[in-house]
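Going by the order they are written in, the chains are A, B, C, D and E; count residues from 1 in each one.
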Amino acid sequence: MLKIEKEKLPELFAKIAAGQELYLPVNISGQVNFAAWDEEVQVDLTTLKSVKSPKDAFFPQSENLYTCKREGKKITIEPEELKNQSFVVFGMKACDVQGLKVLDQVFLSDPVDTFYAARREHGVIVALACHEPEETCFCKVFGIDCAEPAADVAAWMAGEELFFKPLTEKGEALTKSLEGLLTPAGEAGEQAVEEEKAAIRAIVEKLPYSNLSLEGWNGDALTEKFDSPLWEELYKPCLACGTCTFVCPTCQCYDIKDYNTGHGVQRYRCWDSCMYSDFTMMAHGNNRTSQMQRFRQRFMHKLVYFPANNDGMYSCVGCGRCVEKCPAALNIVKVIKSFQKQGGEK
Amino acid sequence: MQRIGVFVCHCGSNIAATVDVEKVVEIIRQEPGVVHAEDYQYMCSEVGQAKIADAIHEKGLTGIVVCSCSPRMHETTFRKAAERAGLNPYMVEIANIREHCSWIHKDVEEATKKAVILARAAIAKVNLNAPLKPGESRVTKRALIIGGGIAGIQTALDIADAGYEVDIVEKTPSIGGRMSQLDKTFPTLDCSACILTPKMVEASAHEKITIYTYSEVEKVTGFVGDFTVDIRKKARSVDMDKCTGCGVCQEKCPSKKAPSEFNRGLSNRSAIYTPFAQAIPNVPVIDREHCLKFQKGKCGVCAKVCQAGAIDYEQKDEIVTEKYGAIVVATGFDVIKLDNYDEYAYSQSKDVITSLELERIMNAAGPTKGHLERLSDGKAPREMVFIQCVGSRCADDRGKSYCSKICCMYTAKHAMLIRDKYPDVNVTVFYIDVRTPGKNFDEFYRRAVEDFGVNYIKGQVGKVAPQPNGRLLVQASDLLDNRQIKMEADMVVLAAAIEPNPDVRKIATMLTASIDTNNFLTEAHAKLRPVESPTAGVFLSGVCQGPKDIPETVAQAGAAAVKAIGLLAKDKLLTNPCTAHSDELLCNGCSTCANVCPYGAITYEVRQVNDHGIREDRRLAVVNEALCQGCGACTVACPSGAMDLKGFSNRQILAEVDAICQ
Amino acid sequence: MITGKKQAELIKEISGVNPLKCMKCGKCSATCPSYNEMDIKPHQFVSYVLNEDIEALMQSESLWKCLSCFACVERCPRDVKPGKLIDAARQLLIRQRGQEYLSPDEVPELLDPEIPQQLLVSAFRRYRR
Amino acid sequence: MSIETNETFRPKIVAFCCNWCSYAGADLAGSSRLSYPADVKIIRVPCSCRVNPMFILRAFEKGADGVILCGCHPGDCHYSTGNYYARRRMTLLFSMLDYIGVENGRTRVEWVSAAEGVKFSATMNEFVEKIRSLGKNVRLGDLRCRS
Amino acid sequence: MQELIKRAKELLADGTVVRVLGWKAGDLPYNPEPAYFAKDTDFADFVYNGFCGANLSKYMIEASKMEGKTLVFLKPCDTYSFNQLLKEHRVEREKAYIIGVGCKGKLDIEKIKALGIKGIQSISGAELTDEAETLTVQTLYGEKTCAYKDAMLERCHVCKGKEHKIYDELLLTSRDTTDADRFAEVARIEGLSPEEKFAFFQKELGKCIRCNACRNVCPACSCRKCVFDSNKFDSSQKANADSFEEKMFHIIRAFHVAGRCTDCGECSRVCPQGIPLHLFNRKFIKDIDEFYGEYQAGEDVDADAPLTSFTFEDVEPSVVSTRS
């Protein structure tokens, strides 16, 4: 394990960014989101959750797929280049890293999404343990240990230092390139990290959602959950906006659109939300015509369909972003709890 | 995707001289969707139109773009050509590469580039065009004439003779207009009243003509074929049905200090009056501002002397609402105010008069009973000076930029009449140019010079100054002799510029007919549609459209009548198919569109819709296509984009924007 | 040597007058109090400028007979302002002669009580820098 | 701002003209041979009130440097009231564009009657001059559309 | 709160209404959600406190389609929205039984968190009946306090007033919370140079993720299908691929609600990225007030809306460049 003083972090970032792109949490007019580093930006590693999850470092909100160009009546197609240089995402949390695993299940299984795969191949993740978990967090429910993030590099902030522990080959390579800035953590460092982990885990135990039960939520629950009359009540406050999906680290739906630039047509994909009334709107109309159906879809997908198709893996990681951001104060926890309550009543 | 044919017109050299037409064709041929492109000398010619028809048949075109002159010129021509070839006429779009391109640019490369872009925009639009079918609306077989001068009377007679009902609305108490104020008319020197009065009588006696005098148009709604007009009949204070026109009331009226409008204020009239002897209707009105009964509350002489009991002090303004198929504007003119022409001493001396005032002085019914005399002292003048172009042809804001057209001729008439009747009076006319185009006009002017000895001097008068001896010092320059003239005159007559009746602004606004910078009504086309206003169903007669003399006015009045008759003769009108329509799946039923519709064409109904499987009763906007005129106000007011306009749809306009900004 | 064309341009520039607007009505000449003393009449100024015959204009008596009363400017119906043209011609001539300006101290002793005030004012207007 | 750069900069300008007054005014400018730069391209609309703020933003999005809307003079609208609505809409829209930092003068409304060919041409000359002085539109506009 | 429950139960019992639209307590101390109540037992989690910021007017669009009457609790500012919806025929008056509820300013959890308060377990002082000016927050990291005012939503500092514009009956009293000038921030921005204005909005709008929360919560954005979701203008872009799109979206959205926006502040409240969206709407409101006379949408159902009316003497668009 290595370490660096917090005040030297700008040097560390500069060094990383010298050889590749570096994405990390940045405060722009009061909100923290992952963005590319430069000397001007205001890096913020203390805010626990970025508004958007860092998934768009691998699966951008919109990305060009190819461009059609026209000369007279001839049309040529220029595919967009795949990511071919390494980049570093610094400061992802354990839940965000788990979010990527969910995306991997979708995008890396056959047929492979080449754009995503290229980014995964070239991305190096430095994950940061959650210094002070908050009441909206429930990663523990999904078996995630936010004190011990598993990525290319794991990092902890303790006292005035940041501790840095490469876990993979990519992580080793990155660490190597930072020689000189990082110094050995030593025994005291190891000790500090252990204390930090313990402190984190102690807080996690006290979090209100940490003992949320997922009992009954699995691939087998399909019909029972789908047909529940509870949905009809639960969805009512939903405004059909896309906030939950756009801040979510695991939502992976996208739409493909064309944009006429005047000198060509760009075919690009952009995040879509199953909450939107025009989600998967086709010529025949919509396959989910009411907001109740759309609402149900999102939660059934996260908690039932996805585990059914992915060996029991839930596509929720308990980051709690939707809990914080839903304009109508709806969220996945409320859904889970409602079913629990109903079960209890039975 | 449409199969589009593009036709590029040379318009002789009008387009081809500045736009490389062949190059445009070559480039446009490559555009997606374009399956045919060609150029031709004159697309609007029969051969050109045949080319369009041939291409429609041979290439199976579904959309046409003609790159030519303004769509205001030949859009209809090409649409008809397409229709004859079996294509819906609304599948034709025009790229205006003449007025908006070749005529305003000099650089060939630049103009060619622009022509290509304009063509692309039209192609982009036509790609989204849909066949449209006009609806029908009814025609009310009645015409309204605003203004009862010679123009209005003639138009009314012509329309009525064709068998249609006509209403004349005249602001003053009698029809007759300016012509009734004239003494003689050029170039034949007929007595004006002698030729006008029979027409007035004919109009008033015509069974198809209703005359509203002392009345004004108050409100106009509706559209071609179906206007609804409110006419305010001002309180005359005299019962039209009872009055016998005996005139006793006017004789006995004790208030005789009101300036006579008819005599241009040169004499006074009684408070109860008919403007002139031959007035039609021969029913007086009470001028309430000058009437003692109305002002002071006592008098009532007229009521006492009226044996018919026609006087009605209680009478109130009355609003008559009537429907019309066509409206003819014939609001005429007035002479300009001369307050700003201090150098001619008009407001300083009674002996400086306008030509229209001279008409009244020369007229037997005028202030001097037809005797030529100075208004200051009643003496007969020895030396008379006429000054031309007072306020006409001015570049500054004191006068008018245009030539008033009639002054040269009436001045020659005045000079001739004076020399004829008073041979010992010297007459000098100061002119800038003498303009006498017209049948027997120049001959008329030459007679004034050659036979009547009128002294014409080229040179504008600089100054007229009243002298202590009561005469007027006229200072001018003789440009041909290069000398300055200072002469004393007894009377000076100013040929003041004429201007459209000031009321025309108000009327034009009501009719949504446009007005030019000089307040003349604009024609639909300066050359080809001179008697029609750009507003369908509104026609122009007389000086409201531009300066004219009597024969021209009468001719134009007839022309306007024919246009109106052509409209009234139809039972149905095809309505503009470019109307608004609402997408029922997007409509919120919020009423915003109805709030901005000037025609009340949008109503709401609750109807069941099937929105992708969801059946719901919804409040929905419905457009009445017969009422909708296609302005598009609703389309922008509608927040959800449910309202769209056929022929100018959101996507069509956006496609044009995209093509231009490419 | 300045050509007539150049001079005509200068006159137009100084006066701000477009001589093409003239419709040759002669109202300027009709209105001019100094007409009889002028060899080139006000309405002719315009054609001299149009014909670019500026030398003649600059040598003319009219240059010094114009009172700058601006009656012609006021009354011209076409906004041509012949008075401004002659004013400009005068300025050209003065420029040619060089800097022969009076200094303010010299003025009082030159004043003749008989000089009309209007002339004085017009002189100031004309010769101010 | 130097004059040299301006001469090479040819702005893209969209002019929305109402069919009844301004389009006819533009026709009159044409038939009177009153020139204005070829940078101006006219789109015919039935009335100024047909112009949706979306059209104007779209023009900027796709690379226009200036957008001008011409309609009948207030009181002269062929449809009686269309230009009044257009006037309010455009006033608010232009104010909003100003508010978000788009240079003043990239948008303009001018009332041009069918008889005002001279005004049409003068307005277009003036507007093109103004846009040239402002330079390329970089604050509104989609990066993807820049060539 | 108890009086609200009591009255609601009465109205349900006597058949005046068939359901109640109010707020249901969440599982955290600050996240109550809008909810329907129909049975006596439902009221167990009925809540009305400082965190009940949601404007229930918009839910009345759907409630108007249901059978029977809905009792809805509206705060003074919410009644403007209801009126505006009424004017646009989006809600039905006879389908609503409106209880105007008092308000002492609503709370913004983001503001509390911005003060560094996290790991929240409970909050006291947020009840309407609480006289305290201070919120006391129990957190995993200890007890924290903050002034009620400092935790209030921006909109409450510029509150339109305590008066309900439409109601059937009133319950609870309101408190005057206005302590700022509603247009101060707009005026400040107006005073910036074009470069500064542009930089400001670029930065703010750059955060937009096009989640449509602002639009979907907005009572004025009541379109069945938004133009940005339909192909009518080729404008249906689901995500911003370029900075222009946020501008287009937010300008057009503000324009579409211009003269209709009551300034209820919901857009700014719900924006996950904390974009001060009300600055767009308020700009239009300020302009409308200045150009066409003061107008408050939702105040009077019968008033002519500024964009559907005019006067001959209206200012010309050039006023934008000529005014100081």
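Observations on the structure shown:
Everything below uses one rule, namely that a contact is a pair of C-beta atoms (placed from the backbone, for glycine too) under 8 Å apart; a residue touches a chain by one contact, two chains touch by 3 or more.
Keep in mind that what you see is a predicted model, and the values were worked out from it rather than measured.
Fewest steps needed to get from subunit C to subunit D, stepping only to touching chains, is 2. The remaining chains, with subunit B left out and nothing else moved, group by touch as A, D, E | C.
Chain centres defined as mean CA positions place D nearest to the mean of all protein CA atoms. A centroid comparison over C-alpha atoms places C as the chain most distant from subunit A. Interface comparison, D-E against B-C: more C-beta pairs in contact at D-E. Rounded to a whole number, the gap between the C-alpha centres of subunit B and subunit C is 45 angstrom. Distance from the subunit B centre to the subunit D centre is 29 Å, each centre being the mean of its Cα atoms. In this assembly, the C-alpha centroid of subunit B lies 54 Å from the C-alpha centroid of subunit E. Shared contact sites, meaning residues of subunit E that touch two or more other chains, fall at 225, 227, 233, 241, 307-308. Among the residues of subunit D, those touching two or more other chains are numbered 52-54, 58, 62-63, 75, 81, 85, 89, 142, 144-145. In subunit C, no residue touches at least two other chains. Interchain contacts (touch definition given at top) occur between A-B, A-D, A-E, B-C, B-D, B-E, D-E. Against subunit B, the residues of subunit E that register as touching in their complex are 65, 88-90, 222-227, 230, 232-234, 256-257, 304-305, 307-309. Those residues of subunit E that touch subunit A in the complex are listed here as 26-28, 31-36, 54, 59, 114, 118-121, 139-141, 203-204, 206-207, 209-213, 215-217, 225, 229, 236-241, 266, 269-270, 272-274. Put simply, subunit D touches subunit E in their complex at residues 52-54, 57-58, 60-61, 74-75, 81, 84-85, 87-105, 107-109, 139-144.
Subunit E meets subunit D in the complex at residues 186, 189-190, 192, 194-202, 227, 233, 235, 241-245, 247-248, 251-252, 254-255, 258, 280, 283-284, 287-288, 291-292, 306-308, 310-312, 314-321. Looking at the complex, you find that subunit B touches subunit A at residues 30-32, 612-614, 658, 661-662.
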